[in-house]
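Pasting the structures in now, so scroll down.
Same chain, two partners: subunit A is paired with subunit B first, then with subunit C.
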Partner chain A sequence: MTSQYIINQLVNGLCQGFIYALVALGVAVIIGIVGFATFTQGEVVMIGAYTSFYVFTSAGNHLVLGLLASFATTWILGMLIYKVCYEHFLDAPEHISLLCTIGFSMLLKNLATIVFGVEKKPMLDIINNKIYHFGPIQVTKVQLVIMATVLIVCLILVLVFTKTNLGIRLKAVSQNREAAALVGINVKTTAMVGNCIGCAMAGIAGTLIGIYYQSAYATMGSTLSMKAFTSATLGGLTDVPLSALGGVLIGIMENLGIAFTSASYRDIFSFGFLIIMLLFKPNGFAKKRGGSRA
Partner chain B sequence: MKRKTWRKSLALVMSTTMILALAGCGSEGSDNSSQPSDSGTTDSAEADGDFKGTIKFGLVAPITGAHAEYGQGFDAATQIAAEEINAAGGINGYRIEIEVQDSAADAKTSSDIFTRFAEDDEIMAVIGDFTSSCCMADAPIADEYGLVLLSPTASDPSYTGMSDYCFTVMYNQRDAAPWYASAVYDHYLGIDNYVCMYLNTDWGNSTYSYVSAALEEQGIECLASEAYAENETDFSSVISKLSAAGSDTIIILDQGNLPTIINQIKNSGWDPLVTSIGPGASDQILEQCGDNANGLILVTPSYITANNDETAEFCNKFYAINGCAPTDHAVCAYNCVYMLKAAIENIGDGELTRSAIRDALATATYDGMTGHIEFNDEGGVTREQLIMSVENGAWVIEENYGYE
Partner chain C sequence: MIGTTLTKIKDVYRRFYYIFNLLIIIALMFVPQVFSKSKMTIICTMCGYFIIVGALNVINGYCGQMCFGIAGFYCVGAYVMAILMQTFHVSYWLALIPAGIVAALLGAVVALPALRMKGMFLAMITIGFSEVMRLLALNWTSVTGGAMGIKGIKSPTFFGIKMGGASKYYYIYIVIVLLFLFCTRRVMKSRVGRAWLSIREDEMAAKSLGVEIKKYKIYNFMYGAFWAGIAGALLAPYTRYIDSTYFTLEEGFNVLAMLVIGGQGTLAGPFVGVGVYQLIIETLRPIGVWRFVACALLIIVMMWLRPQGLVGASNSKLAGAGKKAGRKKAKKAESGEV
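Moving on, here comes the complex of A and B:
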């Protein structure tokens, strides 16, 4: 087992991790910032991928157009998810809205199978995928685009949630809805906007993941959803950058594990890593767990 | 009051949408099951009133889930066969109906469905399931109730031996492996070594064990092999592992993931000879891989295309229903209906019972799009295969049936 092989697997893990981080960003926003439990994120990623597929098919391989279309579509989907799964259950126990998101996820997946069909939709050559060599490290253009997107989106989200009125209102709503209402915050609108931001992040993720794996299909979000939730858990369910870090570490752990054992054990490494981390740090990488309603 | 009315309206709309969606998931199957007057009978047949009655078959297949593509292919293909048979006057004057149920390729669900079929006296035989695991879960029930289970795609060699009522029209890898090793990899490709990646399922593991043993007997060395989970989407770590082994040939034992794997191999910068056993030579591979598929070598029992006179009609009908090209799996399901037709025709005026169908099926024959079908003593079949390649985005038959 040469050092080149280990480096290749590390790079694979890093790239895989950034894909998990891409989806985890949206999960972290919805769970950590807005305070809603969600199991729809994988299916929102799928809708984002399909949206960009149809944009690329009808209007040509314009990446920015595809991203904008996915962003808009999944923002609107976020509004629908909020109306169906959250708005009427704001004062109900959390498991009610959680169950609702599980049902909505199953509904979306089966509707996608009926509407879009069961076969995979090809997303070939959207980006001219060159391979770059940096010494022993080999990365593709698509992988670099995904890494850059995660870093830029993280930065933007941190700025929004810490430096803008919207971000402060979101945090207030997630900490105590009654108190937020008392100080004049429109809780429903603010929560909806937060959910839409998280879903729009998933839409962007869907476009890039579809380009990376070169296909869109109805079940593409299922596995990603669990890994994204795991990543957000490692981030303490509160912090967007730490959730992205969690995703990257999960990707690295998976691929290093595969390098020395078998690809069949991928999930053992990712979820085993999660369990071990939580045993030693129950709040993940965060200093304290947040995102729960008072 | 207005808000309550709005909430109730929204709840009603969402409930209706969910019910329609769930009905839609199952309606594709049930549409061709309980509407005798709509299931493809011609005006002449209806006008003649020659149908003495109805013979019902069950179809258990993964209409939803990871294998939905194949299950829906079964549904469409059996529907086409039923319509053709009914349009031609049925079987011995009986119209056939097919009741479809969704197993989602889950063995427990499949066995529950098969039990329901078995307890329904109207069901005379069952076509399905897709995976060997599901078929092997159904086999004891088939034996207990004496109901034929005719699978289009079960390839585990131990399946048909589980009951006299178990049949399959899919060849099994145990019998095909020696031919792969000698004819394809030794004689045709002339390779000395290979690396292999395969599905970590019953089919993948058994196929790998047979193929690797046969290649070893042929003196072809395996430099590395890697199993992966069925729901795997990122193969980069597997590809890195195999490319580091130093072989110029990769054997991929998979079905639905082949296009994804091919694309990721090409994107990794590794350029081996890509060969595959498992998927049929479908246009979907070409659509999903584009130029990446050029150079692919595929071993397949059939080549179903709209350009082939023998298969064009079926292809066009299938496309009209499913919106995509058929795979070999769908053709096998189509063949199953015609095998049951052949069996029932052999019964003639005799009493039509489940055991009579079983006995007649064991000796039935059918010559169709994929050649001659006849069961061996174990209820399985032997099929000749083609060696195909992709050149300039199109399938090419490199070696025809009978190549040694």
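Moving on, here comes the complex of A and C:
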């Protein structure tokens, strides 16, 4: 076990953590703005990956095109999820919409198995992969592209949330729904847009995962859903930046863990980390809220 | 109309309570003589699900907790049973109790952090626990056999009769199911059961009236986990082979789906849920994978139309009586159909 190996695992962990962070960020946006949890996120990731797979096979390997296509598809899917799972239950206890999202995720997963088939779809060599060396650090081009994409998406998200009218409306709805309605914000539409943003983040993450692992398959979402949720839980469920931090940490933890043991223990590390974290800090990294909500 | 008929049936049932129950038990004893062997396999599977869905109902339905990781307790029960029987050569009947007790102790361990958090955080803790248990079973090769699982678990013998095969093993299942029903009914009528219901409806109010929330939540988790462990322990010698694929999160969600369809917070709920779910799975076999789509759709439709499930507790928080929208429903429930 050389230090070189550990550094490489750190880089892998960072890259994986960035993807988790993107999905977790979507979860946090949804929980913050819609006010309900989601278990469908992993399946949205899967739909995003399949969308980009079909774009790549039909229109050639344009990464940006794939990202845009999966963004659009999952945005529409987000509208559907909102209509089916949330809008009807805005005033009901949270477990009802939660069970509804579980039902919806089962639906998506089984439909995907039927429509796309059970075998893995290969997404080979979307960008010409190269390996760069920076001193002892070894980074592949795919990893750099993924990290850059995640950073750009996060930057756009921050700009939308702070600089635009829409962002202010979203914030208002997440802070106090009734007060937002009083000042003339259409709460239902805004909540739907929030849900769509959350889902679209997952869609982009789907494309990135597709090019990172070079495949798309129907059951790819289930563990990812849990990982994203774990990360969001670490961030206190509603805090967007902290959830992203949680995602990065989970990614690094996992890869360091498997560096010292074996790859089959991967999920034990992330869930063990979650349980230990929550034992000492029941609200995750967040200072307040969290526990009272959800 | 349907409501009054139901109450009439209930009245008749209450009047001849013991006779009816005796008749039902006698009828249940003759089930293996009536049905073919392939049908008996389905019935045995259903019996196994009755117990675990009932166990989940104790936690989610009666106490209003959000336990999504029931498969973890199921897994523990099955593996403890298999290991005791294979490695330590303990007899079936003696191994059954420790399997349940180990699961119950783990339930207490899970309940400890759960006391401080609720809702989504609790759901995540239990999901994490369930996955950790499954992965331990998958990776701790020296004890659990790893990916190969544990093979050749012996069927039990009862006074010299070998209880192998679905038609014989059915008797063990049905006795445990009846025992579960009897115990749960007694518990729910006791102080403990009422405390659970009060925690479900309003934790603050229950606390202010002197219900020791912590104690009863731990009891609740232990009781639910115990029966989930027993369900696992029954499964291992029945299938005679277990590995970690029996206890995935999907399996946990299937159990949850059955509970949701059937109805939470009543004794009959798990029975209806398992019945309907298995009926769909078995009768729609010709349409292949589409039947799982049908099940998923059924969950969503159920949440839209009857969030407490088919025969769930309609006068409770589970029926959506939360905030604004709930009040109307609660009023309706009070005036009419309780």
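The rule is simple: the second predicted complex is superposed on the first by the 285 of 294 C-alpha atoms of A that agree within 3 Å, B and C clash if a C-alpha of one lies under 4 Å from a C-alpha of the other, contacts with A are read in each partner's own complex, and residues count from 1 in each chain.
Throughout what follows, contacts are C-beta pairs under 8 Å (C-beta built on N, C-alpha and C of every residue); 3 or more make two chains touch, one makes a residue touch a chain.
As the structure is a prediction and not an experimental result, all values here were calculated from the model.
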Partners on subunit A (subunit B, subunit C) - clash or fit: clash
First, second, both or neither for A:Thr230, with subunit B first and subunit C second: second
First (subunit B), second (subunit C), both or neither touched by A:Glu178: neither
Touching partner for A:Gly13 - first (subunit B), second (subunit C), both, neither: first
Partner chain in contact with A:Met220 - subunit B first, subunit C second, else both or neither: first
Which superposed partner A:Leu111 touches (first subunit B, second subunit C, both, neither): both
Contacts of A:Asn255 with subunit B and subunit C, given as first, second, both or neither: first
Which of subunit B and subunit C A:Ser264 touches, first, second, both or neither: both
Partner chain in contact with A:Asn129 - subunit B first, subunit C second, else both or neither: first
Steric overlap of subunit B with subunit C in the superposed model, located at which of 55-63, 91-99, 109-117 or 361-369: 109-117
Intersection of subunit A interface sets (partners subunit B, subunit C): 84, 88, 103, 107, 110-111, 113-114, 222, 262, 264, 267
Touch list for subunit C against partner subunit A, complex: 66, 113, 116-121, 123-125, 127-129, 131-132, 135-136, 138-139, 249-250, 253, 256-257, 260, 289-290, 292-293, 295-300, 303-304, 307, 317-318, 320, 322-326
List of subunit A residues in touch with subunit C within their complex: 31, 37, 84-85, 88-89, 91-100, 102-104, 106-107, 110-111, 113-114, 222, 226, 229-230, 233, 237, 262, 264-265, 267-268, 271-272, 274-275, 278-279, 282, 290-291, 293-294
Residues of subunit B defined as touching subunit A within the complex: 7, 10, 14, 17-18, 21-22, 24-25, 64-66, 68-69, 72, 200, 226-229, 231-238, 240-241, 244, 259-260, 263-264, 267, 269, 284, 287-290, 292, 322-324
Subunit A residues within the subunit B interface of the complex: 2, 4-5, 8-9, 12-13, 15-16, 19, 83-84, 88, 103, 107, 110-111, 113-114, 117-120, 122, 124-125, 129, 131, 138, 140, 142, 213-215, 218-220, 222-223, 254-255, 258-259, 262-264, 266-267
